[in-house]
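Listed below are the structures to be examined.
You will see two complexes here that share chain A, one where it goes with chain B and one where it goes with chain C.
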Partner chain A sequence: MAQEFDVEFIEREDRKARFLVRGLTPALANGFRRAMIADVPTFSIDTVRFTENSSVMFDEMIALRLGLVPLTTPLDDFEIGDAVTVALDVEGPATAYSGDIETSDALVVPADENVPIIELKEGQRLEFEADAVLDRGKEHAKHQGGVSVGFRHLQAVEVVDDVGEFDDQEPQILRGVIETPDGEVVLTDEFDNDLTNRYPGKELDVTDVPGAYVFHVETDGSLSVDELVLRAAEELGSRADELHDAVTV
Partner chain B sequence: MMIPVRCFTCGKVIGEHYEEFEERSQRGEDPAAVLDDLGVDRHCCRRMMVSHTDLVDVVAPYQ
Partner chain C sequence: MELRVIEKTETELRIEIAGEDHTFMNVLKGELLEAEAVSAATYDVNPEQSGGQTDPVLSITTEDGTDPLDALADAATAVRETTDSFADAFEAAV
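Take a look at the complex of A and B:
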């Protein structure tokens, strides 16, 4: 299936994007969504060796919180299973933040610096060494790079008729992205998700555009949106190849 | 105890915004406006912030 897809960006930021893809089947769109969530690997703290923990939380609770802190993941330089050592040493009274975590590799650092790990009181101390491991989202949810990844149909809006002069017009709420009669692609946020704001006094017909899907992608900061989307496509392709090789004799 | 690192439902990192949210809403700003400003848009993430109580100070003496 060597086929070109038509991709159009509606919103594009570093960690958040919305884009329209034409020429997809529902199965392929969902495969792509799942690849973004479960198949693109990210670094996450896995094994923690505590030297001292006199905080109010148990070791396990702190280890769980550490696992959820996103770490930047340069996928070109690492392979699945690679580990990077990280360490932290904070003495109270202070709050240990994700930014206090020191790593052995300058490429792998906490993506957000201000995530509080634990608040330490006078005389309390947290010191540990840990391994951050590169793995996929299907292994553990902490390795998911994509957050709230989803897609929905592009919806075409057509003006059918004028509303009768004395008829009341009810709000027509719609979410997502619409295609106007002149082929313009508009986010419903722009008219407060109510079609009657954009087409007052008109009777409208809304239909799903076949094969056109609007993806909403957010990342936790470990990868940029571009990287996540491209890697997911690559990952999906390589798995299809794997299946192809396994089936052909 | 401490604010969870991520939203339970969607997985967005919300821990980093809690201190600013708490401080600004204590100062009298409208909490909804503060959350909008911090980029915490979905209601699953908003409830994490709104319904959280820090219990570290309560537990600390019993260590």
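Take a look at the complex of A and C:
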């Protein structure tokens, strides 16, 4: 009795996307959302061995900042717990950027080159070696691949009637995505989030479309949106397999 | 995934599923409730404010002589089919 799903992209970039899914239950939608945030693993710097730190910050503070630098994560080639060695050596006056981090594996590199780590003045130096470890967001927020993942109902807009000739029309603010009476799917940004801009002088009825959810997914660059979504689905599926095997033995 | 059966009769099952949280349990519960033979299904991650128990306890009640363990196995299969079909639909849209 596998349900039939229908997926339609509304916005699509490498790190950011908005897509509509029909045929979902709220439980499933939330399961995917939670899996994208907490269960899809990413690489993150975990243990740092400082050779020299004459900057104005303590080792611990720099280590925390390093943990938050997104690293690209090719999940086909690594397993949870795998480590990749990274290193950095910057001498002031200069700013140490994430792009200065060198890694022992060309597959695992900083997703952005321009994340500042610390500004070094004349005579200050930062040199360390560190282990980037693959783990889940559940373990520590620095391992979250999905930075902003959420969903809301698709809203169907229906034109009921014209507004009375002498009535004032109040603004009708909506967020997310609407389905027009012609079945067109439109982002509310397109009409400045005010339905009266799109349907001036009309009386409107807005209802949630059952089973239709619009996901907004944004990643930190360690994974692409496609990868994140598919991995989250696989994560739930593999646990179901595990449960099935454990029960039927 | 470690399972511990707490209580089991012909129509009822209480089982602890170690290491899981709302992410999977709620999906599983949703799938169980879709099944014809399941009359009740729920889970609790902190039963009676137990103060230490944080692994979810799943409760299933079945009817029509269906073994609740079979119902659970079927629900697990159904979750897999659902996620696969979602992945297919997503890939088709990419």
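Criterion: the second predicted complex is superposed on the first by the 246 of 249 C-alpha atoms of A that agree within 3 Å, B and C clash if a C-alpha of one lies under 4 Å from a C-alpha of the other, contacts with A are read in each partner's own complex, and residues count from 1 in each chain.
In the analysis below, a residue touches a chain if its C-beta (ideal position, glycine included) is under 8 Å from a C-beta of that chain, and two chains touch if they have at least 3 such contacts.
Since this is a predicted model, take the numbers as computed values, not measurements.
J.: Can you tell me whether chain B or chain C touches more residues on chain A?
T.: C
J.: When the two structures are overlaid on chain A, which partner does A:A240 contact: first (chain B), second (chain C), both, or neither?
T.: Only chain C is touched by A:A240; chain B is not.
J.: Thinking of the overlay built on chain A, is A:F9 touched by chain B (first), by chain C (second), by both, or by neither?
T.: A:F9 sits against chain C, while chain B stays out of touch.
J.: Quick check on the superposed pair: does A:K121 touch chain B, chain C, both, or neither? Answer first, second, both or neither.
T.: Only chain B is touched by A:K121; chain C is not.
J.: Look at A:V160 in the shared chain and tell me whether it touches chain B only, chain C only, both, or neither; answer first, second, both or neither.
T.: The answer is neither, since A:V160 touches no partner chain.
J.: So, does A:S148 touch the first partner chain B, the second partner chain C, both, or neither?
T.: First partner only, chain B.
J.: For chain A, which residues belong to both interfaces, chain B and chain C?
T.: In chain A, nothing is touched by chain B and also by chain C.
J.: What residues of chain A sit close enough to touch chain B in their complex?
T.: 54, 56-57, 61, 65, 68-70, 98, 111-119, 121, 124, 141, 144, 147-148, 218, 220-221
J.: Of all residues in chain A, which touch chain C in the complex?
T.: Touch residues, chain A against chain C: 1-9, 19, 21, 24-28, 30-32, 34-35, 38-39, 138, 226, 229-230, 233-234, 236-237, 239-244, 246-248.
J.: Would you tell me which residues of chain B are touching chain A in their complex?
T.: Within the complex, chain B touches chain A at residues 1-6, 10-13, 15-16, 18-19, 42, 54, 56, 59-60, 63.
J.: So in the complex, the part of chain C that touches chain A is made up of which residues?
T.: 1-3, 17, 20-24, 26-30, 34, 69, 72-73, 76-94
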